[in-house]
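The following blocks contain the structures, represented as structure tokens.
Look at the two complexes coming up: chain A is in both, with chain B in one and chain C in the other.
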Partner chain A sequence: MSLYSYMAWRNIWRNPRRSLLTMGAIAFATVILIFMLSLQFGNYSTIIDSVVKMRTGHLQVQATGYQENRDIHLAVADPSQVAATLDRAPEVSGFTFRAHAFALVSSDNRSYGTVVTGISDRELTTSSLARTISEGRFLTEDEGAQALVGNILAKNLRVKPGDEVALLGQGLDGSVAATIVTVRGILSSGQDQFDRVSFYIPLPYFQELFGMGEAVHEIVVIAERLEDVAGLKQRLEEEVAGDTGRALRVLDWKELSPGLLEAITLDLMTGFLFYIVLIVVVAFSISNTFIMAIFERKKELGLMLALGSRPARLTGILFLEYGMLTTLGLAAGILIGCLVTLYFGAYGIQIPGMAEMARHYGVPERVFPQLSFLSVGIGSGLVVGISLCTSLIPVWKVRRLRPVPAMAEG
Partner chain B sequence: MIYDVCPPTIHLRKGMKVMIGQAVFALLVILSGAPVCPAADTLAAEHIVDTAIRYYRGQSSAAIMDMKIVRPAWSRELSLKAWTKGQKNSLFTIISPPKDEGNGTLKKGDEMWTYNPKINRIIKLPPSMMSQSWMGSDFSNDDLAKSDSIVEDYVHRLIGAEFHEGKRVHVIQCTPKPGAAVVWGKQVLKIREDHILLLQEFYDEDNRLVKFLTGTQIEPVGGKVFPRFWTMQKGTDGRDFTIVAYREVRFDMEIPDDFFTRTSLTNAWR
Partner chain C sequence: MLLQLAWRNIWRNPRRTILILAAVTIAVWSMVFSSALMRGIADQMVRNGIATLTGHIQIHQQGFRDDPSAAMHMKNPTELKQTLQDHLPPGALFSARVRTNAVASNARHSGGVTLVGIDPDREKKLSFVSSSIISGNYLDAEDPYGIIIGTSLMNSLKTRVGNKLVVMAQDTRQKMSSRAFRITGEYRAELEATEKEFVFITLPAAQNLLKMDEALSEICIVLPDREKVRETAAALARILPKDHEILAWQEMLPLVTATLRLYESIIYLWYLVAFTAMAFGLVNTFLMAVLERIREFGLLRALGMKSRWIIQGVMTESFFLLVIGIALGNALGAISVIGLSHTGIDLSVFAGGTQYWGLPKIIYPVLLASDAILVNGIVLVLGLLVSGYPALKASHFTPVEAMAHT
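On to the complex of A and B.
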């Protein structure tokens, strides 16, 4: 250890209370930033994951224009070709086929217009739909005229498992598609807008009823990890969309539920406001302790100048002191921050402000903060930036110090 | 011609002075070439619309129609029988193609039912479905019933006049009355002086033309002059449209009230 580092280190511990307070302020800021960022990121990934698993998937292959028009004619005619491509992709954790058609569903004397969805057995390995069954049981492909109904729609229709529901829609050829199905199960996702409209029947039965042949409307893909999505999308676009002359299109979850991305961006913006306030408060508390330290040590600094220290040397020592304080505070902050985050990451935390957004997207209200390099990196990076900036103020003050008045003052 | 658009009631219980005033006003109108009389504008317009709708529907009517739905990628034809009585009752049933034979809709008052022979069920349409497409065509359930909503739920204003085959045509703008349960932001009607509806344009709330109905080949049909072809076109690009042609139609015959029942709906096609 060089002389200057030794001097800086000794200076810090000459007034332990002052130094510990400064480190405490830095550590506190680090803990808060790491925890809040982890909480936000954790919340987003929970929401994204649940929306993706529940509904859209990470990616979908659709006929071009289907996303906008929802026209029954805009179908993927030969899904097996796309399936073959997906089977070869290592990033794909699962995929399934879905078909949709607008139809009137009617019990004895109540009827509602809704979108009927045909689902395949692959749904079990792809989405979390089967987990939302609250009554009855899930569909299988070979069961024909059976249906799963959202709990609000079921309540409106006044049906329960075992009851019959008439279904009236329009087939691909324009003819009337009508049938009677038996309710097999009730779905309760906890998400009202979803439970009010969901109506599922087996895919082969759907294709027969609506005269679809082998065609489907959506090939829903779940990737192994969220990070794989962009690369997988590009590859699929080249292989699938390219082969079919752009008749097919690959959409990612951001395009499939643009509202979700908007909600996240909005929440992030509100979060930023909070962080700015936090940063200002932290900056003041750190600069306060730094400046106070200079005032208290005027006599000492003046004496050093009188003994022949150059101001540059003095500022060097001060910088070293601040660097050590920041490093120690930061280390403590990162340690405590990670521990706190890991604790809540394991047990979850209930946040009133986020509950509404969570309910809207049908995810559990309990939030699990997610510790990541990103949250730790951004958190500690911000703190280092703040202390660096605030330490410039006392250093600048020292350069204007004159030995005699400084000693007289102190 | 001017008095055509002013309802006759205006002249009742009015003094000589008013009459002179009106005569002067009428003269001014003639001189200025403007074919409207603003004071009675709304009333007159409503009268024209009401008469046209009554003329269109007659006291009662029975018809066989051919419908062709045209899309860029496909088209589809179907034939149907239709009965209407008064302003509120109507019954439609499909007679071809065989696959869809017997599917029908009954409208009575503001309520509507649909029947499918395959599952042998009558389903009541929720009010929200009234603006939905009828059997996949460009006509909505509401359009086909051609109810009196256009008279009751809208405020009418004469906005112009043109000529068609030597006859005067009134151009009428209809805007929804406050609180009226209608889906359109505005409708524009062109009604010929012999009460024939030539054009009905449907605009959304942003004043964009959504679809329009045109009546063509005006000739004696079923004892009165009537457009034989009705075309409902979506948007303005001419890609999606539906043509209805009257194969046979009879007006003003006796249809008993109890014909418009759910029983008829299940039996009318046989």
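On to the complex of A and C.
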């Protein structure tokens, strides 16, 4: 240890109580920031994951305009060509086909209008739909006239597995599409808005019923990792959309659930406003320590100047002191913050009011903070930044210190 | 004497006092302002929810909520209305509705909607519809073929005001019944989900379509005072027949109620966090102030001052500091709340985000007296409590060791 760091170290422990309190404030801010950021990031990845797995997938290939208009005519006429491309792409973990049409669904004494979706057996490799079955079982392509119904819709229709439901819609060519299907299973995703409308039938049966031929509306793609999505999208755009003269379009999850990214940005920004306020309060709390460290040592600093230390040297020592205080506080904060986060990451947190909200947004009722380099990095970065800013004031004061008045004052 | 001494003492080192004052002020301001913001959001959500057809209290046939069909209706509307007229507090408004799931379609497009038959004149006073028309006209009570739909639905059906729209729904005899309407008006709601869901026709037109005669599906009540809702709902439950279900908005808007509870938790957690951040500075500052005055305390003790008085002295200093900080913080908070009370905070840049969370587009902060009192109480009481540590420290110096200290 050099002489200067030794001096700085001794200086910190001249007044251990004060130094500990200062470190405590720094550590406290670090713990809160790491924990809260982990909580937010954890929440976002859960929400994105649930939306992607449950509904949109990471990417979709659609006919241009389908996303906006949901018009049954805007279909992908030859999905097998896209499928061949997807089979070759190593980043693709799974893909499936879906088709949608509006129809009137009626049981013996109740009728509801809803969107009927045709799903293929590939759904099992792509979405979490099969895992939401609460009664009955999942449907298969070759079994024909059968359906999966959301639990609220099933309750409204007063049907259970084994019951028959009539479907009445309009085919691609404008003809009447009518049939009777048997309820095979009930879906309970926990998301009311989803369970109120979902109605699935096998894709081949759907295509026959609505006169779609081989056509589908969505080719839903799940990538191996979220980071692969951007690259995969670009490749697909070149290969698929380019070949068909822009009749097809590739959309990523941000475009498929508009609002989701903005919702996350909004939440993150609100969070940061709170963090900044917290940091400013902490900055004022610790600035006293930094300033006092100079004022009560004016005599000593004056003496050092008189003995020939250059102001830069004094500044260096002061910086070292602040650096040590911040580093110790930060280290303690990171340690405690990580432990707290890991603990709650394993057991989850329940905040009053959160459970109902979670049901609505389709995320687990407990929130699990997710410790990551990002949350630890941003959290400690903010604390180091503010501590540096605070330490600049006294350092600037030292530069104006003159030996004689300083020694006379103390 | 003690007060004057304390007052002088805190201004002995004005720089230090100002720094800690700033910490207290900002902490208090952040508590006041953040609770005002969150209450503002929550209040707006409740208002929007209530104006979007919910009202304060609704009356249905028992079972309507699980099965919102035409078959679930209340058969004696005249009697019911008379009872309400007699028993509701003065100033309360109510409106009768028919409500059921339906399919709206034109030549090429169709969608599932909720069909609401309303009494245009009465509805005007208690829900958002009449004030949200952006093109065309509000419903005319005399027009049995008029229908009002939301902008989102209009876009997805690719239609416009003046066009025909066929509505199909199941009537009381379980038969599908349909009729063509003409779109007379387009409304814009706070949330797109609302625009997509509700279409409005006149009450007689709905009763006719669904073969309900005079029967109603729903009565919506708005009271002059939101605080009286639970009380009034309980009173109605005693008077009305047992096959009627009386629901207060808290039960009808579970998501809003949950959000209110969540925000309440967040507000309290924030109080705790902001206070703790401030407390570190507070304790540290007083510790410094006390330790540099060791000799002085020693002298006071030697002159016969009781240690209790020393504690009192230090606590009084802390009290002054806290009171000034709290006053400044409250003043800043009040200024920010009042300053934003007209313009609000416009979140339309994040329109997609506000839609997703169901938040209002513009937030007007609302400062509740209870929050302000709580903030001030917490900071003052806990602030005094933590400054008890340096105060005790000061009282424990024995005269000799203190005066020997340099």
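Basically, the second predicted complex is superposed on the first by the 378 of 410 C-alpha atoms of A that agree within 3 Å, B and C clash if a C-alpha of one lies under 4 Å from a C-alpha of the other, contacts with A are read in each partner's own complex, and residues count from 1 in each chain.
Everything that follows uses one rule, which is that a residue touches a chain if its C-beta (ideal position, glycine included) is under 8 Å from a C-beta of that chain, and two chains touch if they have at least 3 such contacts.
Computed from a predicted structure; not experimentally measured.
Trainee: Chain B versus chain C on the shared chain A, clash or fit?
Mentor: Taken together on chain A, chain C would clash with chain B, as the superposition shows.
Trainee: Does the superposition put A:Y112 against chain B (first), chain C (second), both, or neither?
Mentor: Both: A:Y112 reaches chain B and chain C.
Trainee: Please indicate which partner A:V281 is in contact with in the superposed arrangement: first for chain B, second for chain C, both, or neither.
Mentor: second
Trainee: Could you look at A:Q146 and tell me whether it touches chain B, chain C, both or neither (first, second, both, neither)?
Mentor: neither
Trainee: According to the stated criteria, A:T179 is in contact with first (chain B), second (chain C), both, or neither; which is it?
Mentor: In the superposition, A:T179 contacts chain B only.
Trainee: In this superposed model, does chain C or chain B come into contact with more residues of chain A?
Mentor: In the superposed model, C touches more residues of chain A.
Trainee: Would you sort A:D267 into first (chain B), second (chain C), both or neither based on which partner it touches?
Mentor: The second partner, chain C, only.
Trainee: One more residue to check, A:L104. First (chain B), second (chain C), both or neither?
Mentor: It touches chain B and chain C both.
Trainee: Chain A residues touched by both chain B and chain C?
Mentor: Overlap of chain B and chain C footprints on chain A: residues 104, 106, 109, 111-113, 170.
Trainee: Give the list of chain C residues in touch with chain A in this complex.
Mentor: 15-16, 19-20, 22-23, 26-27, 30, 34, 66-69, 71, 101-103, 108-113, 156, 158, 168-170, 174, 176, 254-255, 257-266, 270, 273-274, 276-278, 280-285, 287-288, 291-292, 347, 350-357, 359
Trainee: Applying the document's contact rule, which stretches of chain B touch chain A when the two form their complex?
Mentor: Going through chain B, the ones touching chain A are 69, 71, 73-74, 76, 97, 99-100, 103, 114, 116, 118-119, 121, 123-126, 128-129, 132, 135-136.
Trainee: Which residues, counting only chain A, touch chain B once they are in their complex?
Mentor: So the residues of chain A touching chain B come out as 73, 104, 106, 109, 111-113, 166, 168, 170, 173-176, 178-180.
Trainee: Could you please specify the touching residues of chain A with respect to chain C in the complex?
Mentor: Against chain C, the touching part of chain A is residues 15, 17-18, 21-22, 24-25, 28-29, 32, 69-71, 102, 104, 106, 109-115, 155-156, 158, 170, 197, 258-267, 274, 277-278, 280-282, 284-289, 291-292, 295-296, 351-357, 360.
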